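Next up is a structure, given as structure tokens.
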Amino acid sequence: MKKVWIYADIIDAGLELITIGKQLADQLGGTLTAILAGDEKTAQDFINCGADEVLLLPELEPTQPIQDYVPVIVEAAQTTPPEIFLISASLTGKEMAARIAAQLNTGLCSDCQNLVLDEQGLLHMDRLVYGGAWIQTLKCLSKPQMATIPLHRYEKASSETTRQGKITRLENAKPSGIKIVEKRKRDQSQVNIKDARVIVCAGRGLENEKDLDMIRELAKLLKGEVACTRPLSEEKHWLPDETCIGLSAQEVKPDIYIGIGISGQIQHMVGVRDAGIICAINSDEKAPIFQAADFGIQGDLYKVVPMLIEELKR
Amino acid sequence: MDFKLTEEQELIRANMREFAQTYVDPIAAEIDENSRFPAEVIKKLGEGGWMGMPFSPEYGGQGVDYVTYAIAVEELSRSCAATGFTMSVHTGLACNPIALFGNEEQKKKYLTPLAKGEHLGAFALTEPGAGTDVGGATSTAVLDGDEYVLNGVKTFTSNGPVADTYVTFAWTNPEDKRKGMSCFIVPKGTPGLSVGDHFMKMGIRASQTSEIIFKDCRIPKENLVGKPGDGLKIAMSCLDHGRIGIAAQAVGIAQAALDEALAYSKQRIQFGKPISRNQAIQWMLADMQTDITAGRFMYYYAAYLKDQGLPFSKEASMAKLFCSEMCFKHASKAVQIFGGYGYCKGQKVERLLRDAKITEIYEGTSEAQRMTIAGSLLR
Amino acid sequence: MLEIICCFKWVVDEAYLKPDSVGKIDLEMAEYKISNYDRNAIEEAVRLKEQYGGNVTAITVAAPDATKGIKNALSRGPDKAYFINGEGFDHLEPAQYAIILEEVIAKEIPYDLIICGEGSSDLYAQQVGPRLAERLGIPFIGSVQKVQIENKQITVERKTDEGVEVLTAPLPVLIAVVPDINIPRVPGVRDTLAASKKPVIEIAAGDLGKDYAPCLLQEELKVSTMERKCTYFGSEQEDIKAFVEALRKTGLLDGR
């Protein structure tokens, strides 16, 4: 019986992995096993959402880092070797996946953007290389075929009904010698646009300085930062120079960039060429920014931005 | 003939590039805009040993050959012509009189801190009435007991306002036009030495340029470099060395122009395609690359001859002439490729064009270079 | 006195990569550099040596012509370098690098601490560090932004998805550092010249005993251009809804 395994250190990410895991398991004609740290209730949730089996990781000492689960997971995977093993690409997940892959003597596709299973049961996995400018397609020659999956790549699986499944408790998370001394949560106040994961960028299309209010609101909803093109900082002084993105200003690498009222001239776009996803809102369908965007909304920004804000508040 | 750079030379280039990208690129536009001397960067250059590269470690230098040193000048200038020039004029013009013609005490006392980058040097030769016509100078140095008394005005002195050590030239025997000028070391703070008007320039604005005024400035006679009357010989020899640096600087500027124009042309879309697909643009880029390569090998050759102890004056002149003229031409082409944007403040090519012009003028105008080259052909 | 190993990779500078006329990767004009985060790793190793005393050994697995990279690394402060070279060693997959590094390190180089960058600037798979630690049987700590050592015990601050963790562990340990940890020094002329005089121990592919066959195989490498394929949306209510959905699906909204 071919098994697809999934592991995520964050429960929500685990539910996302169920979606793809179940799909692969079905394609293989096999079953889905989820490894997770949690209680019986969470395990049952996972089963309801599609897992056929859940392996519950043992409790850790308060000073044990989560990475101490690696030997436990490795042992379980050696006992009942899976065909495919997907792990969530959180910081923790990526580390653990590499260590697990090393112990299992198998290959791992990190930050897999896309995967396709062929008739022979082989995965063809895409990932970005060379600063995001190139896409590498890989296949794994060994078993289990492993990949780390970026957060939110897939929808969270949801449970309609109660399903049956096996829940097993794993044991023995032996201390590795690494001890946690302190944990501190991230401080949200000090962000500059260079570190911003989401950037909402305003351009010439904005008529008045007051219009920046809705840009700020959008940015806040997306937990992002506000930036601008040259005219808004240098000429109009609506925003400080440090928020200006462009050839001779800041170059940024956000996960998401939304250019609003920006035509997309090269001097500016060069500053965001490494962005994960580029979105554009512009009333001119011929605006060059659409050539460089992944998502483009053709429309009046004064109509679109408020609607976007409403939709995100939902 | 081995045209390949050694791995060490390649590493010097790579590390100078890293220095420039780390410390110079972030401030290049600002120091140009504000005509600000980047003292903090010059200090770091000094600490890294970049300000005295060709001089003997015995006197605080790094003992590298001139080719290697010139490569560093090119690479630094690629990021900022003003900073590259500051390094070049300090090493090639201000330090060389002492390094090549100074005595042991002078090398220990003055060259060592200069080569270590602890002091900054200035070369004060040009006067309001004496540019290409060096002999038209009017500054005098009169021996009075154990001191020389300097009087005169020098102009367009690079590093003038910020130097610690000045190397200057004055008539000790105004009657003898060939062997009547002498060379002197004047430390900053010597009474009678003052910094005159600062010049606000078209380009290399971060480099500080000013008049230097000597009014009954007394210096110990030990500060005479070489013998009385050696001044012209020292000046000409050092200018030969300095020209290699300027040629390298010009190649750096041209390379930067090519870098910018190439990148822009690939991304600027007009008529539905990048302008790099247009033959007109392609030809401009091809010409740039060709002249840069030619210029580079010209300054390598001049530096190589110097390293071999062979005469290199003509080669240095030709290199400086060729590199400066092609640099200005191609900086202009680069602005052309950028179109309207290239004409605007904030674009690097706008600065490159303004920086490029001076390379055709200082350390011997193109006309002076042609005189030298023709002179050597027709001797 | 600490024995520190810093691993580095000699990579293509991605700024120079472009597709050729058939869209294949064109490495002809490519320039090479020490992978960005590896510079931080080397810098941290050298700083720790300057602080606590000891030796720093740089190590790399590369193609035979990567001699410039070795010199470059040595100009940044390590005392010596191991150069494990072979044809095609610049295009191995992470599992292979880990096997080769482990063989040489375990056999030849004593260590208290091994420092890697958090990922290489070419492939950024972020696997070599953790794999190598696992193979050597030593603890691994990733995303490290601060290091202190006392009495053969290491204390680190490292980034997590929620914030920061402070951890301790007994040496030997392998850590992967983030670029925030330090600003790599720019080698001056003296260090650059000194690099040529430092010992380089070369190990050829033929000297390796272990089997380092790859687990991963690259099937294709295609360019992902600035000319992105734009998915268009209108400006009606349902279009905006669809746009937000599409954005959520990218996985990059994190938490929304």
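Each chain carries a letter (A, B and C) given by its place in the written order, and its residues are counted from 1.
Keep this in mind: contacts are C-beta pairs under 8 Å (C-beta built on N, C-alpha and C of every residue); 3 or more make two chains touch, one makes a residue touch a chain.
Because the structure is a prediction, the values reported are computed rather than measured.
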Central chain (by mean CA position): C
Chain pair showing more contacts of the two, A-B and A-C: A-C
Distance between the centres, which are taken as Cα means, of chain C and chain B, whole angstrom: 39
Intercentroid distance (Cα basis), chain B paired with chain A, Å: 52
Length of the line joining the C-alpha centres of chain A and chain C, rounded to whole Å: 22
Chain A, residues touching no fewer than two other chains: 269, 291
Residue numbers of chain B (touch at least two other chains): 267
Residues of chain C whose C-beta touches two or more other chains: 226
Complex interface listing, chain A residues touching chain C: 9-10, 65, 67, 70, 90-92, 94-96, 98-99, 101-103, 105-111, 124, 127-142, 150-155, 176-187, 197-198, 222-223, 255-256, 269, 273, 276-280, 290-300, 303-304, 307-308, 311-312
Footprint of chain A on chain B - complex, ascending: 29, 264, 267-269, 341, 346-348
Chain C contact footprint on chain B (complex, rising order): 7-8, 10-12, 14-15, 18-19, 22-23, 47-50, 53, 62, 64, 72, 267
Residue numbers on chain C that touch chain B, as the complex places them: 33, 67-68, 71-72, 75, 186-190, 192-193, 195-196, 226
Complex interface listing, chain A residues touching chain B: 230, 234, 247-248, 266-267, 269-270, 288, 291
